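Paired with chain B in one complex and with chain C in the other, chain A is shared by the two complexes that follow.
Right, the complex of A and B next:
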């Protein structure tokens, strides 16, 4: 029970920690502000508690597929917010750029806070449902709580490492790493949303694109961690692969257009 | 003009896809699985190959469970004393294991696609 709770919570925490550390590094770069993250995580946890407590009702919506529809909506919203964050990040990388673009200094932190809040609402609810479910069984609850804190601790540590890893990079490298990681995160979100919609029978099933379960099983620890970080699936459906690609391309194109617009406005003002 | 032709083609595809989904939905077999004392009943389910199936999972335990099947890419939380619907397939013949992620040591089962 201890190990399974460590892994379950670690998986959810890693997903959130990656996004938080990326956006935190970006906001530190843009405005030297970090306090937003406390409100965003707090708000996200509050929403996830509401979602966890109401999961029984939500599940009954749309002929018992409400959970899938709500999750997919959250994932698509997070993706769109990441795209807007990417635009603001690339377009307003330096103070002069931000001034030229007319961005308020708090714009990025507000967007980042909304993104983190929505992402944590979904991921946090799963952990809370798990913990609330074990609460009545005192012995098990104790073990599960200890396991959850270990998982949470490891997840946060990895997030801190990612944050300092990104902060250690310089200039263009730093910006490109942030954009690439945001693109992978967005790919994972859209891929998971397509899976949810397929599970609810809103989009048709497609054949499996590849089977790498013999190389790296999704059930192995490495497989689970890779799933949390980049959305690794051993047997993804073709629709899922297409959705992943769409999520990645959305962010990359947003970054390319933002950087072109930024360059044009600079040359126009010179 | 060219754009209009593209949009028309896209709409035609959507309609075809919609019709396809509806005709399949009308004949979707429903399979019931119960969760009792952190065990699945039945723990082995036979499902026809290349057919979409609706799993109706009824959790009789007061505690929540998470249905998870890695090979089928399925994952869903089911609250205590409630039911959930999960669509699977169409998939090829084979054995597709599933677990209850909250009680993975006891809640285990397999979907046999034939």
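Right, the complex of A and C next:
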């Protein structure tokens, strides 16, 4: 039970910690502001509590597929916000670029806060639903709480180290690492959303694309960590693979176009 | 701004948390595996015991214990079983351990073959109960590690703060230096890590002191050396004008230029005389109101030339100040007002005392100073609109730099606001009141 709770909380916390670390590092580069993250996490936790408490009602929506549809909507919204964040990040990497593009200094922090808030609403609600489920069983709840605490601690620690790791990179390396990780994160979000929509019968089931469980099992610790960080699945359906690719490509194309627009704008002003 | 302390504390704490928690998980996994081995051995012992007991005794003994289920099979016939065991066999006819689901739970099973009686004894134990028991024992060991983490965090914070104290004190020593204090820093000497930065700072301070001295000396010497030839030039020009048969326009322009040159040299001298690190202040009790009236009277011919109306309001206000410096301040501010206020314009001078300070206000209805330039006018050689000032007045851009020096000398403050006239500027200088222990 302890291991199950560690893994569940760790997966959700790592996912959120990765996103927060990336956007926080980006906002340090763009506006040198950090306070937004406190409001975003606080808001996300408050919304996740409301969502977890109202999950019974939410589930009844859309002919009892409400939870899947709301989760998928949150994941797709997070992906679209990440795409806009990527645009602002690449287009306004330096103060001169931001001035040329006409971006307000607070634009990125507002977008990042909205992204983090939505992501934490979904991930926090999963943890809370799990904890609320075990709350009446006192003996087990004790173990689950310890497991959750350990999962939370490991997730936050990894997030902090990722943040300082990214902050330690310089210039183009830093920007490219951020964009690459945001692309992988978006791929995971869209892939999960496709799975949710498939569960709600909104998109058809597709055959399994490959089976890499002999190389790396989803059930192993490494497999679970990779799932949390980049959405690794040993037996993904074709629809999931397509969705993952769409999420990654969306961010990479956004970054490439933003970079070209930026270069054109710079050469025009010269 | 990035904080070294926050960086060190968060990174160290994150690494410690990561290692402690991963170690706790590994410890939990190993302990659970060991506990399961113990439970398995216990289950096998139980099966052996049942095999060696008479079946009636075994049924009676384990009747009350719902966590253990058993069956005894002889030649494919169930000859004895606990109450909670099903009718079907709970394990295979193979000696060893396994898992099975019955009675709504998952069970760990063991099969033992008694070669003497040729009985197959199958014992089973609920996995949820043995896991709960094992977890309870192991968590008792994990809890102190988790609870100790905030204490570790606090200790790291204190240790890092203590470790950074020399750096903070070094920064304090630098920060507390006066503008004119270029003496070497001493605090770094005791710390190996600060030695390099301390030595570099001291070398920089030394170079700064040398170049400042050279600059001051040059400006002062140049101004002094220029004064005499300019005075001679003025006399010669006066004589030349006297001797000229007609009103010579070139000589007049030459005199104006010489006057301006003389003014610049005087201003440069004033600037260096009034700089806080040069000025040998002679602070006395001064009535600012009376001094202001005196300077207005002194400058009156200039106002009269442009037919400007000067009004004065105020009451006796005593402050601790240098008479010469305050006179220079008033002369510069009134000179500026005279220069930039159009003919027949208005200039207002007021000196008032409030609860906290004495305020000198000089306002005019000139063209005014744009808001974004108000801070820059106190820089040396800065002129509003550059050399193309809308009034066409000449100046060297040193007057307000001198005023700023004098304001700093008196621990006063100066602000520029819009004047109460339709256009124009108000210079507001606020002087601190004399403290009771003072003059």
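Assume the second predicted complex is superposed on the first by the 270 of 270 C-alpha atoms of A that agree within 3 Å, B and C clash if a C-alpha of one lies under 4 Å from a C-alpha of the other, contacts with A are read in each partner's own complex, and residues count from 1 in each chain.
To be clear about the criterion, contacts are C-beta pairs under 8 Å (C-beta built on N, C-alpha and C of every residue); 3 or more make two chains touch, one makes a residue touch a chain.
What you see is a predicted model; the values in this text were computed from it and never measured.
Student: Identify the partner contact of A:171: answer first if only chain B is touched, second if only chain C is, both if each is, neither if none is.
Tutor: Neither partner.
Student: Examine A:143 and indicate which partner it touches, taking first as chain B and second as chain C; both and neither are also allowed.
Tutor: second
Student: Contact-wise, after the overlay, does A:237 reach chain B, chain C, both or neither (first, second, both, neither)?
Tutor: Touch status of A:237: first partner only.
Student: Touching A:195, do we find chain B (first), chain C (second), both, or neither?
Tutor: It touches chain B, and chain C stays clear.
Student: Based on the superposed arrangement, let me know which partner A:156 touches: chain B (first), chain C (second), both, or neither?
Tutor: A:156: touches chain C, not chain B.
Student: Once the shared chain is lined up, is A:2 touching chain B (first), chain C (second), both, or neither of them?
Tutor: second
Student: In the superposed model, which partner reaches more residues of chain A, chain B or chain C?
Tutor: Touching more of chain A: B.
Student: Classify the contacts of A:102 with the two partner chains as first (chain B alone), second (chain C alone), both, or neither.
Tutor: In the superposition, A:102 contacts neither chain B nor chain C.
Student: I'd like to know which partner A:218 touches here: chain B for first, chain C for second, both or neither.
Tutor: In the superposed model, A:218 contacts chain B only, not chain C.
Student: Quick one: which bits of chain A touch chain C in the complex? Just the residue numbers, please.
Tutor: So the residues of chain A in touch with chain C come to 1-3, 6, 32, 139-140, 142-143, 146, 149-150, 153-154, 156-158, 160-161, 164.
Student: Which bits of chain A are touching chain B when the two form their complex?
Tutor: Residues 4, 8, 55-56, 59-60, 63-65, 67-68, 126, 129-130, 132-134, 136-137, 195, 198-201, 204-205, 213, 217-219, 233-237, 240.
Student: Given the complex with chain A, which residues does chain B contribute to the contact?
Tutor: Going through chain B, the ones touching chain A are 17, 20-21, 24-25, 28, 52, 54, 56, 62-66, 70-71, 73-74, 76-80, 82-87, 89-91, 101-102, 104-105.
Student: Which part of chain C faces chain A closely enough to touch in the complex?
Tutor: Residues 1, 7, 10-11, 13-15, 17-18, 21-22, 24-25, 28-29, 131-132, 135, 139, 142-143, 146, 149.
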